[in-house]
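Quick one: the structure is below, questions incoming.
The chains carry the letters A, B, C and D, assigned in the order they are written, with residues numbered from 1 in each.
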Amino acid sequence: MPSKNIKYGLIGSNGRLGTEVINVLNEKKYIQVLSYNLDEEIVEDRPDLLIDCSLPAAFNSTVSLVQKYKCPLIMAVTGLEPEQLNKLKQLSRTVPVVQSYNFSTGIQVLLKLTELAYEKLGDWDIEITETHHRFKKDKPSGTAKMISGVLKGKDTNISSLRLGNIAGDHTISFGGLGEVLSISHSATSRRTFAEGIFLTVEFIIKKKNGYYSFTDVVFNK
Amino acid sequence: MPSKNIKYGLIGSNGRLGTEVINVLNEKKYIQVLSYNLDEEIVEDRPDLLIDCSLPAAFNSTVSLVQKYKCPLIMAVTGLEPEQLNKLKQLSRTVPVVQSYNFSTGIQVLLKLTELAYEKLGDWDIEITETHHRFKKDKPSGTAKMISGVLKGKDTNISSLRLGNIAGDHTISFGGLGEVLSISHSATSRRTFAEGIFLTVEFIIKKKNGYYSFTDVVFNK
Amino acid sequence: MPSKNIKYGLIGSNGRLGTEVINVLNEKKYIQVLSYNLDEEIVEDRPDLLIDCSLPAAFNSTVSLVQKYKCPLIMAVTGLEPEQLNKLKQLSRTVPVVQSYNFSTGIQVLLKLTELAYEKLGDWDIEITETHHRFKKDKPSGTAKMISGVLKGKDTNISSLRLGNIAGDHTISFGGLGEVLSISHSATSRRTFAEGIFLTVEFIIKKKNGYYSFTDVVFNK
Amino acid sequence: MPSKNIKYGLIGSNGRLGTEVINVLNEKKYIQVLSYNLDEEIVEDRPDLLIDCSLPAAFNSTVSLVQKYKCPLIMAVTGLEPEQLNKLKQLSRTVPVVQSYNFSTGIQVLLKLTELAYEKLGDWDIEITETHHRFKKDKPSGTAKMISGVLKGKDTNISSLRLGNIAGDHTISFGGLGEVLSISHSATSRRTFAEGIFLTVEFIIKKKNGYYSFTDVVFNK
């Protein structure tokens, strides 16, 4: 059951993810009290926490808002620079910060399952496949690299497929003599990331200062 | 690397699984010194361990052989009676016994991954699918029931497909709003079970008396 | 390349499908000149054709509009009564009418491929699987029944899975001894149906009176 | 129902495919009257037809046998040289010859379905995936190239996966905006190729001279 009367501020509320975040958090009866887009800022009340779904360019404004309200921050912007990540870590000495490039719960579970499977089946053949919409230029996907990263020191083939407007499918397969084990994740809509941000709100409002990942949220550390 | 000069006896050496077990263990340079089929017994040397891949009808002969040679037993016969399982447990007070209905490593890993995924995604929708050859009469498969058994207290839908001569495919899917996570296992040949029996030999020869499952072998308890 | 300066009227323009149809047809530079929702009617110009994406309750209003403007009709409403379908057939003596319950091109191709595969592999085992969101109450899906309908006189097992918010996945598998052939379709967004309606516009504006299905559109009869 | 009293000769009867062919043809009550392996030839009766499942090195012996018995030839050897294929065509002026590198019925149907799907969905994104056992060195597989060859003039990405001992899986996917259509084939055992050779026997014994492919057999030209 969602916490009551949570008041949140949203940086990037006009974007695709921002719009979905508002939908989900409104369903949970949270109250949006601050909205920030480019230079437009609307503040109705003091927020209990801030969520940033915008772009790296808004980073400094976000930091200022966190410092002003001394409240927790959920940072969901992708493509941050190393110095921006460092700044977030500094910030986390005074407020709780959750930073992640992927707020899908299923992907976090897939990473955990991959780790366990690799422990047992590390000498089997391993193949990773990722399928995304035709507009995605980079290959392989960042998430495929995250999966590959779990297989410490193993150089793993990643096949990249580009098809229609698929939101994002990832599969890792382990092949032994006589059997194949596969773990697959399919994102069917952007809503999944908004649901992950909701889980993060419930996590962060109970925390003191500290720097957390979405893995910490899902595995409740 | 396989242990050296292991001498094994095989009950049911003429059967489908028995034949495959001989192939795999010979590759590992083990030496077959005892063969038992119905009333035909060939003994060349004292075995270090016994493997039973036959049928429940041979059970008493197998027990006698174990008592005669005071050696470990790998029991791979399916459809044993409760009293036969009890007898095995008694036997395990004096020798190590590994008993399982499924010696596929991948299925053991799938069960473990299912357990972990269910911990995190227990409130998502869950579906199990199993596909087997057209000659399989029982629905759902025993393995599908094992998977379902991991989801304690959750009544889960199992879809059974019968197609051609598929050796055995199992999938469990967790569906949330916006994403689906699936774990799949496909048995591509009977060899997988013989490989599992090889792993069990390496496990059992280091054990004192005790009653073990194939889960213990794979997770090295 | 889309035809130029097409002026269309849309019944049910506020609904989920209607909204998506407007998005797609606007991209094609068509011009919406008539909008009808419940009792609200906005007319800016005489339409070249009418599209109905509403509900069976609006049927009589739609027929009146077609008669008034003597223009082609694309009927995309689901759950019509037999008498309403008959009325459409009458109407098609004077204007072209395309009626379908599913405007996905991929599903039309799947049905055609199924027909061809069944001709060659009719004595193999056949299994149909359909997966939809948890909110879908009816089992099996209408589309699964359409697929099954292609296998004349063959009583085919249909497995229904309900997972998260999957828009709609369908698979038909043919299993022989030693091989399996499968045809799968996955709807990843409602846009696919709007794209099908766009194709239907390009088809219908070149037709005289007559009653057509979306199969006719895709296979250009 | 199989034809009666068919007497066949088999070149390469000791090989993996040859052994499987004997199993299947014996089940059909055909009679093997000639066996040829390297330099060992066993002849019990005059064959109604010859089947070659051996290697390119045996080619000349096979041609001599066909000329001696003036009977139809099923040529299932892979990796023939262009001049050997030419020789077969010459031979087909006097006897019927069926030559193919893949006697799986399902693959033939997949190729036909691909052709039809490509006609309708030629402007969608297309991806081909092939998965084979770890021992397969060449990438992509010959069958993947055959599938790609159906898409005339379209440069299509082929992803190659190598996993355990998978006999051979092939998938072609067509991705549009909002939907994906896939056609998949999975070879689960070598038996499938022996079944294809049985179908070819039934086809060839009714033919006069001529040069045929396995496509002709399946689509009964």
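Note that contacts are C-beta pairs under 8 Å (C-beta built on N, C-alpha and C of every residue); 3 or more make two chains touch, one makes a residue touch a chain.
The model shown is predicted, which means the values in this text are computed figures rather than measured ones.
Engineer: On C-alpha atoms alone, could you tell me the rotation angle mapping chain A onto chain B? Nearest 5 degrees is fine.
Structural biologist: Rotation angle between the two copies comes out at 180 degrees.
Engineer: Interface check for copies chain C and chain D. Shared numbers divided by all numbers used: above half gives same, below half gives different; which is it?
Structural biologist: Answer same: the two copies use largely identical residue numbers here.
Engineer: Return the chain whose centre of C-alpha atoms lies at maximal distance from the corresponding centre of chain C.
Structural biologist: Here the answer is chain B, farthest from chain C.
Engineer: Using Cα averages as centroids, what's the distance between chain C and chain D in whole Å?
Structural biologist: So the centroids are 40 Å from each other.
Engineer: Roughly how far is chain B from chain C, centre to centre by C-alpha average, rounded to an integer in Å?
Structural biologist: 49
Engineer: Could you say which residues in chain B touch two or more other chains, in rising order?
Structural biologist: Chain B, residues with two or more chain partners: 164-166, 174, 176-180, 188-189, 191.
Engineer: Can you list the residues on chain B that touch chain A in the complex?
Structural biologist: Against chain A, the touching part of chain B is residues 104-110, 112-113, 116-117, 120-121, 174, 176-195, 218-219.
Engineer: Which chain A residues qualify as touching chain D in the complex?
Structural biologist: Within the complex, chain A contacts chain D at residues 124-125, 127, 129, 131, 134, 157, 159-166, 173-180.
Engineer: Okay, in this complex, where on chain A does chain C touch?
Structural biologist: Going by the criterion above, the answer is residues 164-167, 188-189, 191.
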